[in-house]
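These are the structures, in structure tokens.
After this come two complexes, each holding chain A, first together with chain B and then together with chain C.
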Partner chain A sequence: MVKKKIGIPRALLYYYYFPFWLKLFAELGVEVIISDNTARDLLDKGVKKSLSEICVPMKILVAHVLNLDEKNCDYIFLPRFKSIRKGVVLCPKFLGLPDMISHSLPDLKAELIADQIESKNDDISAYVNHKKLAKKLKIKKSEMKAALRKAAKFWWRYRQLLFAGYSIDDFLGVEKIEVLEKLITKFENSKQLPQSKRSELKTAGNEEVVDIALIGYVYNVYDKYINMDIINKLKEMGVRVHTFEMVAQEIIEQELARLRKPMFWEFTNKLYGAARHYFASKNIDGVIHLTAFGCGPDSILGQILEIESKDYEKAFMTLRIDEQTGESHIITRIEAFIDLLRLKKERN
Partner chain B sequence: MRLSFPYMGPTIVYAKLLELLGHDVVMPPRPNKEIIDLGVKYSPEFACFPFKVITGTYLKLMEQGVDTLVTSGGHGPCRAGYYGEVHKKILHELGYDVEIIVIDSVRDDYKYFYQIAKRLKGNNSWLKVVQVLKIVYELTKALDEVEKKVEILRAYYDNTVINKIWLQAQEDFYTVKDNSDIKKYKQRYLKKLAAYSDQIPAAEDRLKIGIIGEIFVVLEQSINNQIEEKVNRFGFEVERSQYLSDWIRENILPFTANDLKEIEHKGEEFIEINIGGHAKENIGHAIDFKERGFDGIIHLKPFACLPELISQSVMDDLSNKYDIPVLTISIDEQTADANVLTRVEAFLDMIKEKNYREVM
Partner chain C sequence: MENLYLGVDIGSVSINIVAIDEQNELVFKLYTRNSGNPIQLVKKGLAKFKQEVEIDQYKVAGVGVTGSGRQLIAYVLGADTIKNEITAHARASTFYHPEAGTIFEIGGQDSKLIIVEDGIAVDFAMNTVCAAGTGSFLDHQAERLGIKIEDFGGMALEAERDVRIAGRCTVFAESDMISKQQYGFTKPEIIKGLSVALVRNYMNNLVRNRVLKGEYIFQGGVAANIGIKAAFEAEIGSEVIVPQYHDVMGAIGIAMLAKRDVKRSGQESNFRGFDLTEEEFATKSFECDDCANNCEVIKVIADGRTIAVTGDRCGKWTASLITDSSITANSSKSETTQTVVKDQAAAEEKLDLYKTDPEAEKQVMQELEELEKDDQTEKEDNILV
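So, the complex of A and B:
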């Protein structure tokens, strides 16, 4: 095997799959470089190199790819996520992602590794999904398979913790695999409940705690720069934050089964199922739809959620973020929303 | 059941189809400022432009007592396949009691397809349905054939003269009852147009532009700022990547669209897999136009169209590699006619200039 450096952009589905990839490359003994956290100058470079009307998450991805290229990676790991559920695909931009990068950034020094991922469920560890990777890194099939099995097992432990109410935010920032393993073990054995489940929460002014479902894609909800660290802002204001990945797969399936025609995009479906679950749930005081500028699937989902929230009589707000969003704008909007929810609670 | 449908391209074809099946059909209004404004008001802000236009068309139709709307569906990943479901919600929210029949592919939901097919069929026998479909397909082919001639001749003749014939042709085609009518009108209008073909110069002096892009904005003149006429006015012939008869061939009739498959295959060089809409086909068409000696490509897309954004991303590379100029124009409710005209004019000037230098 050749010792090579492989870069992973900290964008898009990184937030969902990073424990899987970190474990996989650790098992294979490959050196991994993760791009820096999103920041102004990093993002500006990406914005310059992307089409002006493409959605913000894609601009962020371009920025991270450029950042990796500056770090002298040999390869950039950019799988083409086609499907992670039978008959359902992802957004067209995910399907065409490697094409877009290779043709719009022809000057990249690093080589792209763009395996096509087609899986029946969230578990993407099949060998066919990593054929190109194995070939490029000259890894034997058996070795690759063994590493994939271990990575899948590791990722599943992480996924279970998310179902149990932990937030992806609790794991972010940990990039050393040994530390991440310790963290996961610690959470698994911890007697303390995750933030979204805790009944005793202290707020500065001893105000009432509210429960908000924050509906949005992982790359919008967990990129602290682009959303102005909304999760921690909410927590500081005494909010228990609930997200889609805490909802059990069976519940989402049940909600989707009631539709004549589910949507075509897997993560949008996950959000939709989770949102319906939260709409119907008595414990949730309000729902925030966090969406990025120019998101196509969200333009459809947002409209549906807005109409359905009225049927369920649930407070609902759309929060749109883009590369120019100001911090005060986000704070003002969530403060107003939370105040409203508290008033409503007091009245009842 | 009072039926109508969205307005796109040669609308008479859909009207004819439903009429021949004995339905009470209301012709949808041609999209205009009023309809677009109405659509924008009641659609999600970031929905694509075709969605907004269709919302406006539906709302306008509500004034005419339409109770059933027929539209096409799809299985993604382009947003267009989900329009019907969202329109249902929007119209119900606004208090309209209207049914939207979404024609999905048989493969997606066999039972549902059978149900709606039975409803649309009405009291006709299946044999009659097949006959009607055949007439409609012939009609589409005839219309497209005449239109292709129009798109060439308008480059060399005052477009009012040619447009007059084209409008007349559409009116006459609307009255057809069977295949012999279609044949009659087709021959009549092709002959009429042939009288003008003396002005077509020698092959090497003809300048041609290929128009590719998202099907709705490519087909629908009233929302793409009559781009074809604009290009024609500067003495360029036009051919589109999309004609309705091609769409029918590709989606409904089996085994007839091998040439289209080949074109799609060409697109694989830039977009490896099908990513929805016609992105991959469009890339194939761009290469095909170049191979057929076209001088430039105009790429039309609705603002923030998902698949076409990917094709736009690879377009620079394609343009360099195949040495063909490409102009991409995003269309939405804010697109101004003068803007499109200026950009088209500059683009076409550049192409003329390029050829001129080569002669020197």
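So, the complex of A and C:
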């Protein structure tokens, strides 16, 4: 039998689940190809093949699928994320993702593997979520189950580190499973604190360090191309960066319970809970909502956050990203925001 | 000899240069239209400065640059402080009007709202995707109506009737204006309608659900327009103050910030001197094809010598210049240059990590193994911060 190659697009929930998938395919002994980092010509190709009104993360996904197809994958792994919490779904674009891809890109050489993922919580390792995958790759049920268990365990270790204050950014760029395992083990045993928890940070010009919660979906926060590398820009300006995945699920749920009714979309709810937590936290100086232009769920989330930031008297800013390549608008805004926070701190 | 601080604001429509002394008194003020060659205009501005101010009596102790074109001019001048225009505007406003509560700032291509409490900015908003209701739009409409922009605001006050013009989008506003004109409304009425629409748009886009408090300050180039000022006053039902130097507030603010920065650091200014008006500046750009980003890299050349490279996402070209210039840099500056080089090296290391070719992965492997061997926590500290 010829060894099959499976491609994973570096887009959307890749940033949340990549350790799970890498471990899973490593356990199954399947060769994995991950699409290249988002870049200008890669994105340009995707934009040409996408609907013009769709949000930029979806255009990025199309671009990455095309990129994988150029790399001669046999399959493209594109699960349909329906739900990762009972009664709550994901954005409609996620629900229709495989259909959208197969219709926008009819000439795809590779075959899509689109299992439907429906799970009670963030742990997506149930066998039913991977039935099609097992069938396509001709893997026995018992073997698949064992691999899924191992992958879930591995992913949980990564998730724990995120709860402990590591950023997804600290793990990105490592795609060999052995390296990733080592990195995770290293962080687990490290006596040193992650950036978000470190008290002694040096800034250029010895300015005061500020704490900013950067609230946004993983595919907006961690795609360095589309957000102009905002995390490192903030860090360079002397900011301790806090993100939603550092907030424990129980806290998110407590905060969500205060809403008369949670929203329909799981990650929007997660962001809301985390943002609320950061609004109430004394250690956080300001909150930035990073959103893609035209995002439906964020049109609701953004409004609620804007109103609630006033109740908590917390500085709040919305940063909108789209296909533009000029950096100055992002720099102007984050710089002014940080200046404002520093002035506030100096006065107190 | 007294110290002077230069402030330069490179906006999309105007280029402003000011100089303030130790007491923040304005010694020089220049407002020029940006006709598209900022370097040339700044050189001309400095030449004018030399003529008007007896430079032998003063020493330029600090230079600040702000505005959307700040990066390039900062290289040309040798700026000490490069900051965004929001911070600069807030700084100048609160100096002249310590009681300010709300600052409306409308410039050539963007509009801003700054909320101030007890003399410091606590909140701001800036127009996002749309430039409706900024200076450029007014300019364009004035031209279309055949009116000088200076007379535009005054005419609005002559209107006898109110006419509603759509303010959401300049395209709709323009077609609305044309049809209202065809219905027989006069030019002053159209202009008044336009001013009201502009303010309405500003309120919808920037103020939103914020509660505004006085004093109200209105600055930026558009503040010269008394029609817009009147429309703001009608909208909020309170007096709106247009500062004396409303058109150069950004430049004054950045000069003040430059003063603060050089005082704080205690270092000499990096100002390249008035001789730069004699130098020939050129910019060259090329598309770097080392990776898929194809960044447009811009080189700034002064008298045949490259003084700045910018526009590269990875920082490779920028770094190449810093390494070169560190050799020629004088001893007082070498210390700071070295740290920059170090930071750059750290940044590069990080970028390698981000790339996913097997070479880089091998390197990561090795690094990790080394780290495990001798737990050099401090070294790694620099990479992560």
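In this text, the second predicted complex is superposed on the first by the 345 of 348 C-alpha atoms of A that agree within 3 Å, B and C clash if a C-alpha of one lies under 4 Å from a C-alpha of the other, contacts with A are read in each partner's own complex, and residues count from 1 in each chain.
Following the convention adopted for this analysis, a contact is a pair of C-beta atoms (placed from the backbone, for glycine too) under 8 Å apart; a residue touches a chain by one contact, two chains touch by 3 or more.
Just so it is clear, the structure is predicted and the values come from calculations on it, not from any experiment.
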{"item": "Side-by-side fit of chain B and chain C on chain A, or clash", "value": "fit"}
{"item": "First, second, both or neither for A:K82, with chain B first and chain C second", "value": "first"}
{"item": "Touched partner set for A:I307, first chain B, second chain C, both or neither", "value": "both"}
{"item": "Which of chain B and chain C A:D107 touches, first, second, both or neither", "value": "neither"}
{"item": "Residues of chain A touched, compared between chain B and chain C (which is higher)", "value": "C"}
{"item": "Following superposition on chain A: angle at chain A, chain B versus chain C, Cα, nearest 10°", "value": "90"}
{"item": "Partner chain in contact with A:W265 - chain B first, chain C second, else both or neither", "value": "first"}
{"item": "Touched partner set for A:E250, first chain B, second chain C, both or neither", "value": "neither"}
{"item": "Contacts of A:E175 with chain B and chain C, given as first, second, both or neither", "value": "second"}
{"item": "Closest Cα approach, chain C to chain B, once both complexes are overlaid on chain A (Å)", "value": "5"}
{"item": "Where chain A meets both chain C and chain B, residue numbers", "value": "293, 307"}
{"item": "Interface residues, chain B side, partner chain A - complex", "value": "43-48, 73, 75-79, 81-82, 85-86, 89-90, 93, 102, 104, 109, 112, 270-277, 279, 303-307, 309-310, 312-314, 316-318, 330"}
{"item": "Residues of chain A touching chain B in the complex", "value": "51, 53-55, 80, 82, 87, 89-93, 95-96, 98-100, 103-104, 106, 116, 260-261, 263-265, 293-300, 302-304, 307"}
{"item": "Complex contact set, residues of chain C against chain A", "value": "68, 71, 83-87, 118, 120-124, 126, 128-129, 208-209, 261, 264-265, 291-294, 313, 347, 350, 353-356, 360-361, 364-365, 368-369, 371-372, 377, 380-381, 384-385"}
{"item": "Residue ranges of chain A touching chain C (in the complex, touch as defined)", "value": "34, 36-37, 39-42, 170, 172-176, 178-179, 182-183, 186, 190-192, 195, 198, 201-202, 205, 224-225, 229, 232, 235, 293, 306-307, 315, 320, 322, 328, 331-333, 335-337, 339-340, 343-344, 347"}
